[in-house]
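Chain lettering (A, B, C and D) follows the sequence in which the chains are written, and residue indices restart at 1 in each chain.
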Amino acid sequence: MSDVSDWWQTAIIDMEPGRIHLRGHPIQNLIGNVSFPEMIWLMVRGDQPTPDQAKLFEAALVSAVDHGPQAPSIAAARMAVTCGLPLNNAMASAVNMLGDVHGGAGEQAIELFQHIETHPGNISGALDDWIALHGKIIPGFGHRFHRPTDPRAPRLMELVQEAVNAGACPGSYQKIAMAAEREISERKCRPIPMNIDGATAVIYAELGFAPPLARGLFCLSRSVGILAHAWEQIQEGGRNKGPTPPGYRWTYLEE
Amino acid sequence: MSDVSDWWQTAIIDMEPGRIHLRGHPIQNLIGNVSFPEMIWLMVRGDQPTPDQAKLFEAALVSAVDHGPQAPSIAAARMAVTCGLPLNNAMASAVNMLGDVHGGAGEQAIELFQHIETHPGNISGALDDWIALHGKIIPGFGHRFHRPTDPRAPRLMELVQEAVNAGACPGSYQKIAMAAEREISERKCRPIPMNIDGATAVIYAELGFAPPLARGLFCLSRSVGILAHAWEQIQEGGRNKGPTPPGYRWTYLEE
Amino acid sequence: MSDVSDWWQTAIIDMEPGRIHLRGHPIQNLIGNVSFPEMIWLMVRGDQPTPDQAKLFEAALVSAVDHGPQAPSIAAARMAVTCGLPLNNAMASAVNMLGDVHGGAGEQAIELFQHIETHPGNISGALDDWIALHGKIIPGFGHRFHRPTDPRAPRLMELVQEAVNAGACPGSYQKIAMAAEREISERKCRPIPMNIDGATAVIYAELGFAPPLARGLFCLSRSVGILAHAWEQIQEGGRNKGPTPPGYRWTYLEE
Amino acid sequence: MSDVSDWWQTAIIDMEPGRIHLRGHPIQNLIGNVSFPEMIWLMVRGDQPTPDQAKLFEAALVSAVDHGPQAPSIAAARMAVTCGLPLNNAMASAVNMLGDVHGGAGEQAIELFQHIETHPGNISGALDDWIALHGKIIPGFGHRFHRPTDPRAPRLMELVQEAVNAGACPGSYQKIAMAAEREISERKCRPIPMNIDGATAVIYAELGFAPPLARGLFCLSRSVGILAHAWEQIQEGGRNKGPTPPGYRWTYLEE
């Protein structure tokens, strides 16, 4: 079977009948002994966080679980169950929506911070370069709904400060993000504070996660709200509830 | 706007600019103060677990994160990234696979336990009725790969016993599941031990979750392994890696 | 490689480098020589329709392409592109919505017709049995929006009559559906005419398709409208357009 | 309701109870009178093809329906039904896989042709620029399985020639693609013929479709094979058939 020998290769799991090892640990030693966030960290990265790192990581996961049914992902979950889908398909429909625009801001914010990192002492030039390449929407700052301030961000940044004080992370991305916030606000002549994507990006970057994982971890976190809303809608009932109110007309042309 | 007034209705989230309340709690009071499993519980149910309940709940979430790429969900995640999909779409493709056969056994096992509950003292008759209705595959017992024993189940049942001892849950579903295990094994004249779906079903039923939530919570848990495998495959690279080894022929007809 | 010999087995396609046979036909002989509906028929069933059968089949495919953005599938497609998803992921998000409630009525209507077929001369008893088993929503009849008449159904039934006249199909399901329409309308004391799901179910049943294929073929047909709407929304732009109007509140609780 | 007045806007469909207009045509006038490919064209673009254009368009749709279960999309469809998913969810799982790598080559090939178009008389320079920007994989040429020739491409190009002769399309992208084929083959010192993605890209570009629609139309076409394979697998049965043969080990580490 030499031609299949390299088909799937994984360092995550090794098993045989009666034995499951995850990242080298017998699963029965993990169950009941590691927290769910520690398990997420172990599975995705292979190593284990310190208690202070795990605490900061957990705060980020907790913070992003929901933003209500005006978020397309939550709406998709609720619509899906009214179309008769069970929870797994409803959750998939919703997570699928977390694309570049709806679920990508955290990933893009880490990329922004890493870009700024390569322009030491020149935040303004770094931002100009970024805008030239990616357009004027700066990921991680400002919020079209939560004005002036997304209530999740300051709380998360408080916890980042505690983690830096405890030596759980270096604080370099914290500084970059705060400098970016100042620079962007000055340019706009009004506060453009960090939003949840910016704050979780600081946390994930401080803890050493690669940018795409900010999106992946957001998907895990938002899946909680998705499940909660899908389940609530199942209990409420309803059939084929669409995304526009009954009686609302959506055509361009009146005849 | 009276005709839209009942469009989406939720008791999960209430927000206005600058304010997000989840299940009545300001989100900034939850971040850093509740664990991720406690947040999942709160979002899905509206109430909060005791510490012992949260611990048992967390063990169930930890236990089901992965079963390797021979599970169609994990395979779908890895294939998806080799097709060029970002993490959110890869995760959705994978969670979508967790249908009745691949992700429904926990839900079905709770239904089985609740069915047995309505036949007090008559486990044999209850099982006969169940088999007549649903066929001979008993959800939650036996494993086609892990013979004789799925290593996750005994560890989880140990933690159930601890929780019962601590008064965190009544133990009624624990008893039902153990009686069912004995009955099924006697009928087959060999041990047919509880598997992970049976053991997590005991936990979710003991903690008062409705059957469909066993599937929903399994989706949350397995999403962790899905993310880990998708990310590993992104790092490995590969293009359009299909589900059969190169060179393998799958046609019925040789011409 | 004996242990993989039965892994995937298909009679649909056979290929080797430089050669692709679909259902036994070299693909280059099909391209430009069979119509797209004939190809769909060939792929799904293995045989080929007569020209009159192909014409009737094509009419069913044409009829169901769209029902506007108040259908959750179309809405999902449009939302998805505003979340940044490319067309394939947007189309998948939409097709996923075509569950039992949104995409299953045609399948259920064929099942209803086949159920009535087993009660010859006793349409009333057949309907009573059906309602006892499946509840009072009769698949294929009535429409919550198109009152009194879904304009697609009479046109399709006209084409069924032409096909019966031409000997392309036997007309037995046509008769059953028309008898059911009369019975249901009499019970309700008002016209409850066949809708598109009922009419396409007649066509697919007349042509010998199994019930689940009514859903599958509906997915193919509706994918056309899904693509058209997703593409229109891409051209319109918009970011994270949710399913509720901006400013609309969806919470139960005012605080 | 002024704040919802611009929520969804469409020129595709206009309806009220009892009336459905698609692109301005009453649907009952379309059913039975336009072919399925003509309906696809009308829905996506708003105009109607000539008979010769419709014929060429239909050939492209027919050509791409299937490439067997070693294609991840087809595999996903088959896996999905063994996980218990009904056809709509299985089809969605499969179409979701048609990302940049698996379903994007046609779109990329049109972009390549349009890029070459902006370098008149300088195919070599155009290719150099393309490779510098996008890497050395040239979309639409060569095939890792069909060596030397993908049997679908020459047949499609024959039909392009017929269409050009009939005045159905200008032939400018035909010329560009053939010049690219020569240039690429010369560089490699062996034939690197157009593949199906290249040939369908020629057709879609000749007929005036925007590049993303090559992907969207491929999704429609491949959905046919996806449906056929999903349905075949339902009939075959099987539970949780994964992507690796039973007994195959996929771990890096032997312990």
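As a working rule, a residue touches a chain if its C-beta (ideal position, glycine included) is under 8 Å from a C-beta of that chain, and two chains touch if they have at least 3 such contacts.
Quick caveat, the model's predicted, so the values are computed rather than measured.
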* Where the contacts of chain A and chain C overlap, which chains show up? -> B, D
* **A-B or B-D - the one linked by more C-beta pairs in contact** => A-B
* Relative to chain C, chain with the most remote C-alpha centre -> A
* Structure fact -> When centres are defined as mean Cα positions, the distance from chain B to chain C in whole Å is 32
* Where the centres are mean C-alpha positions, what is the separation of chain A from chain B, in Å? -> 22
* Distance-wise, how many Å sit between the C-alpha centres of chain B and chain D, to the nearest whole number? -> 37
* Structure fact -> Within chain A, the set of residues that touch 2 or more other chains is 1, 4, 7-11, 13, 15, 68-69, 75, 85, 89, 92-93, 96-100, 103-104, 241, 243-246, 248, 250
* Asked: chain A touches which residues of chain C in the complex?
  -> 1, 4, 68-73, 75-76, 78-80, 82-85, 89, 92-93, 96-104, 239-246, 248, 250
* Please give the residue numbers of chain B that touch chain A in the complex, ascending. => 1, 3-4, 7-13, 15, 17-20, 22, 26-28, 30-32, 34-37, 39-40, 43-44, 55, 58-59, 61-63, 65-69, 75, 78, 86-89, 91-100, 103-104, 145-152, 154-156, 158-159, 212-213, 215-217, 219-220, 223-225, 227-232, 234, 236, 241, 245-248
* Structure fact -> Within their complex, chain A touches chain D through residues 1, 4, 7-11, 13-15, 21, 24, 85, 89, 96, 243-245, 248, 250-253, 255
